[in-house]
Amino acid sequence: MRATVLAALAIAAVVPLVTAGLGGGEFYLGFATRIVIFAIAATSLNLILGYGGLVSLGHAAFFGLAAYGVGILAAHGVDTAAIQWPVALAACAVFAAVTGLVVLRTSGIYFIMITLAFAQMLYFLFVSLRQYGGDDGLTIATRSRLGPIDLGEPVVLYYLSVLCLVGSLWFCHRLVASRFGMVIRGARTNTRRMAALGFPVFRYQLVAFVLAGVMCGVAGILQANLTQFVSPSYMAWARSGELIVMVVLGGMGTLFGPVLGAAALLILEEVLADWTVHWMLYLGPIIVLIVLFAKRGLIGLFDRRSPPPAGGHHG
Amino acid sequence: MLELLVSQALNGIQLGVLLFLMAAGLTLVLGIMNVVNLAHGSLYMVGAYLAAQMTAVTGSFLLALPMAVLATLVLGLVLEVATLRTLYQRDHLDQVLLTFGLILFFNEVVRVIWGPTALFVPVPEALDQELEFLDGEIIYPAYRLAIIAVGLAVAAFLFWLIARTRVGMLIRAGAANRDMVAALGVDIVRLNTLVFGLGAGLAGLAGVMAAPILAVESGMGDGILILTFVVIVIGGIGSIRGALVAAVLIGVVDTMGRSLLPMILRELVDRQLASAIGPAVASMLIYILMAVVLTLRPQGLFPARTG
Amino acid sequence: MLRLSGVEAAYGSSNVLFGMELEVGAGEVATLLGRNGMGKTTTIRTIMGLVKARAGSIQFEGRELVGLAVHRVAQCGLGLVPEGRQIFPNLTVRENLIATAANRFGTANPWTYERVVGLFPRLAERATNMGNQLSGGEQQMLAIGRALMTNPKLLILDEATEGLAPIIREEIWACLSGLKALGQAILVIDKNIDALTRIADRHHIIEKGRLVWSGNSTGLVADPQLLSRYLGV
Amino acid sequence: QQQLKVGFVATFSGPGGALGRDLYDGFMLGIEQSGGRLGGLTTEVIREDDQLRPDVGLQVTQKLLQRDRVDIITGVVFSNIMMAIYQPIIESQTFVISANAGPSEIAGARCSPFFFSTSWQNDQPHEAMGAHLQRRGVGAAYIMAPNYQAGRDALTGFKRQFKGRILDEVYTTVNQPDYSAELTALRAARPPATYVFYPGGMGVNFVRQYAQAGLTRRVPLYSAFTVDATTVDAQGEAALGTFGTAFWTYDLATGTNELFVRSFLQKHNRMPSTYAAQAYDSARLLHAALTVSNLGNKDALRDALRKADFPSVRGPFRFNNNHFPIQNFYLYETVRDAQGRFVQANRGVVLENHRDAYASQCAMRW
Amino acid sequence: MAEPLLEVRSLRKRFGGLTATDDVSLRLHEGELLAIIGPNGAGKTTLIAQLQGELRPDSGAILLSGAEITHLSPPERAHRGVARSFQITSIFPDFTALENVAMAVQAHAGHSFRFFRPAASEPELVEPAAAALARVGLAQRAAVPAQALAHGEKRQLELAMALAAKPKVMLLDEPMAGMGRLESERMVALLDSLKRDVSILLIEHDMDAVFALADRIAVLVYGRIIATGSADQIRRDPAVREAYLGEGHG
């Protein structure tokens, strides 16, 4: 475990050096940053989906909301990170808390669909916001100002993203083993028993939901800075679906699965699309094969020891 | 005004019935077999493409209809045997992932075979006319009435099948406990394949029926898939009755919302604002409806009584 | 009628059955005894094909069951009342009974809905309730009735009296005796050794997935050592 | 430098894919006309799919700029993609020739010396239709579009020229498949004319349902980007008798156009669309400019592009100060031609040498 | 007489046309083991579910140490010392046996909004959990995932979880079901030893266990209590014999 972590860190650290060596390194660095950002988003989803059994099909809403937080403030001339980022994250927290009050009353497929409903409402709201570009999106003139750190420098943005990812992973790692994490995981398999034992499960799930939303917001902030652009398509349901795909593809309920899933999906898309216009013709069956043969997601191919994820849905 | 309301109600019902055809298949497969099949929308799309192809070949939509439905049903069987069968015991999310892969594949396959532009399916000649009611106050396309009729017939058939027949009982029992059904001597594997085929056939039927009024193009199943999920969730997963009620409810609410909401808003607020928020709220309406229903009844309107 | 020899089975990598042996003759009532966790249920599940046998053979009326699909095994004439009842929660009581009913061997006086509710009148009262609305004991009756309605050649009961009121339990023993009198073969797991010694012809005691003793009731009662050593009585 | 690298960004997958394909086929045909060498340079076209996702569009654009170091970027179907990739392209001082998207911001305040359009500013075709109805003396119209930026811009453009009464202005959900509710309301309003903007599959649905509701006969249907070569086969007879406006039709009798249409038909066995025509012109424009300048000197290249000294398929063509074309807009009617094909027949000029409404907001002067 | 620990006053619960609990009144005293017996479907589990809070009674009141708890949620009742074991085994299948019990300890240990410290390294969770496991005889199985336990072992685990919360009242729904003789006897001994520290409401069809353990027995038939008394009184009660015991238990 420790060795794997160190190796992964080492790889992440040298990416800029390697890409600098390639022709057009900036692109590859940008691409790597994108992977890292989506890995953060997928990790945040994994927190509630993989460990908590809460399958949200509206998770991209937080991604888009935070990105809009940055974009809208920037459009009004507020570009210091010290204001932008807390506001963006607070928006995510509030949205998560308010919707969480409703969605957490349901479970199973109902939960999937009601999270989708709220995300769609937000999506249509931003499509209609003409002041902020509506469906055309909003260009962000300058990246967030973060004291002496210049996010305009791709390498800096990359390392910042990696730092955020490491932070998210570490946070998750500690969280799932903690008392709080035990409650969340217990509630996944047997909510009724949790209540009988004396846990007000709803409250714990709500906190987890908010935490995951905020963590996804971090990814959104980084994405806004990477692309200097934000549009409602960031929170379309298909994006939420893609996050689920990343988590499940990599291995849900495992720490590194979502990271692997994000990297695999984005790289596959990139390579296949580079090669043929009909890339979906190949991506689709590849995903099917992975599901059929890598039972616990990609991570299962690497780590044969970790226990199989426990049975299906109970609810 | 009344004529307008009646026409709009017909529109809503027709949309609802089309949704029901989709939702019935999906609710069978999801609620009863406990399989999340995102490729349901793809089967709808394939049904529409096959209808287009076979209409072009045979020159008759009415001939193409059973052929396309049957072909989609067979495709469903093949899919079930080749991929989904191994996934019944696995997590829902594995099924989500797998069928997501299938969506990508099918969306691209139809583009490779039939090209990226939409295909044309003519309305069958006999139905290509408007019917007039109430001295021409209400004009309604005959074909859309035919859709309503087909949908209601299918609904009646399904009610009978699920609630009254042994096959229906076994299907429900299999949803709850596959092993036990098998241990009592029933070939659950074949049963599930048949149910999946039935669901696929229904999706295909929806696609075929929709082909003459909608653009037959790649990705046409994605939007309706989401709507279908909304329907079965509002109706209560696994409940055919819920699917029917919710489908019509969604159809009517969506239709009324689109046509009446902007009018009402315009009475209440100024025109500028109304035209800004009207369409936005209209597109959110079904999601708002779903959120309200699930807030009040977290298991949908007609919770299928599973354990 | 049923003969297991050298059967091995496992859950994942942990072996549970190690060369299990068992025999039930036609028209016989046989038991499977043993403490908790010794592999009784696993033996049953292996017979039914719900757990794959890794080695050995399971013969039923001369037919090899190993390798058959679960429903094929059942169709050979095995009727299961599983541990933990496993009734269908989303079917009504009546539907639970008739959904899988069958008379594959043309029994002259088959178990029907009427006969089963005659045996368990409580079920008739709850006929239109969903399975999951029944009390634990009612569910147990339902599970027995459901198995009977497949009109099996061999009825297998895994802890079928668990959670039943003593008076009902007595009725079930009486019912089993009655079935035996009709020539029904039965394999039963239960902790009521007193009752079992009354009606059973043959007993098997298992320990850690192995047969450690088998014989008739007289032999079992005659050897108190056996009971205390393997069954803790 | 002997080599020209062109990055071609467009939507190739998903429902918008047909447009990307037409752009690409048109552009490649344009290159073929100069023997595969634009301005005498060996030309390599690197095609990238933006998947109609701004972040993907941005990513592939960055790949083109940073890894492939392309000299020119062209293509771009949708405005939201253009908005996402515009800034990085301009910052890298790479020329971008939009073959389709023409958002108002880029035509106005955010115009750039590195941006050129061979299509039109988004509002223009709608303005043309507005002008046409105005001139015909149609007193009132019922207008509809999808509820997104381009849809709202379209109706704004229409209203800019049309001064009659707007009976209702209806915005529908993007990619809404069924319009029965809206059509019922439309019928109840008894308008003398309908104007809509429904591109792609939406147009197929709308036009067919309009006909099926028996409306085509009662209320004439005017539109832009709703009935064109990419949709008309799926619309079939429903499209007959509807009118549209565009800067080009297949039957324009310029010599270049006849050549273009003939070779396109021959090569692809289908009628070219306006998208193909625009992209073809992009290639021809590049060819002309590169013939008289070179890639090394960006100022010279810009001057050459500005001259637009090439035979456009549309006839007269020159650039406005914001690098959008000043061009004619034509009315077309969808008819069945001698071979039984559904085609857009030119019915005359509506606006002559038309300039877009935003050019005045563009600070660029030359 | 001292104030009862748990008091039930005229509890009533209907399911449609069926009255599952019909005007039931009960008192459970400190340190007492009250057994409730009755035919299948008499309403025993329904009664427990109302005491634990999963079901809301239609009318009547439930008092714990004199304070009304009728309208509290299950977690709130758990915090006041009401623990329940389920008739149909209800555990966390993918946690180990030890973790299952640790969950129960944690619930009792108060607030669980601790995000960082690994729960597995907190002695105040693990030690009581291990002790509870040992008490039910599952010490050797601590590290086994709960889903891999045999049926009888799951029942023991279920009890360990109820125990671990250090409750005042334990509501045990057929804890012996599915246990072999040996295990049953061990369980009887265990409950016997527990009796002094915690009051127990026991539902059980195993009459040997009931007669060995119960201080008092209440007999529930069709939702009504038809008899209450000592083991001997109940054993001899003809109504009880007819409705429940049959002739086997003389």
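In order of appearance the chains are A, B, C, D and E, and numbering begins at 1 in each one.
The criterion applied here is as follows: a residue touches a chain if its C-beta (ideal position, glycine included) is under 8 Å from a C-beta of that chain, and two chains touch if they have at least 3 such contacts.
Since we're looking at a predicted model, the values are computed, not measured.
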item	value
Joint neighbours of subunit C and subunit B, given as chain labels	none
Those chains which touch subunit D and also touch subunit B	A
Shortest chain-hopping distance from subunit A out to subunit E	1
Farthest-lying chain, centroid of Cα atoms versus that of subunit E	D
Distance from subunit D to subunit A - Cα centre to Cα centre, in angstrom	36
For subunit A paired with subunit B, centre-to-centre distance based on mean C-alpha positions, whole Å	31
Centroid distance [mean C-alpha coordinates] between subunit C and subunit A, Å	51
Centroid spacing, where centroids are CA-atom means, of subunit B and subunit E in whole angstrom	48
Where subunit B touches two or more other chains at once, by residue number	107-108, 111, 279-280, 283
Junction residues of subunit D, two or more chains touched	13, 147, 173
Interface hub residues of subunit A, defined as touching at least two other chains	124, 127-128, 130, 279-280, 309, 311
Chain pairs in mutual contact under the definition given at the outset	A-B, A-D, A-E, B-C, B-D, C-E
Partner subunit B, residues of subunit C touching it in the complex	48, 50, 69-71, 73-75, 79-80, 82, 86, 88-91, 95-96, 98-100, 102, 104, 130-132, 146-147, 150
Residue ranges of subunit D in contact with subunit B within the complex	13-15, 17-18, 21, 147, 169-173, 175, 177-178, 180-182, 184-185, 187-188, 201-202, 204-205, 208-209, 212-214, 230-231, 233-236
Subunit B - residues contacting subunit C, complex	166, 169-170, 172-173, 175-177, 179-189, 238, 304-307
Contact footprint of subunit A on subunit D as seen in their complex	12-13, 47-49, 51-55, 58-60, 62-63, 65-69, 79-80, 83-84, 86-88, 103, 147-150, 152, 173-174
Residue ranges of subunit E touching subunit C (in the complex, touch as defined)	15, 37-45, 87-89, 148-153, 174, 177-185, 205, 207, 243-249
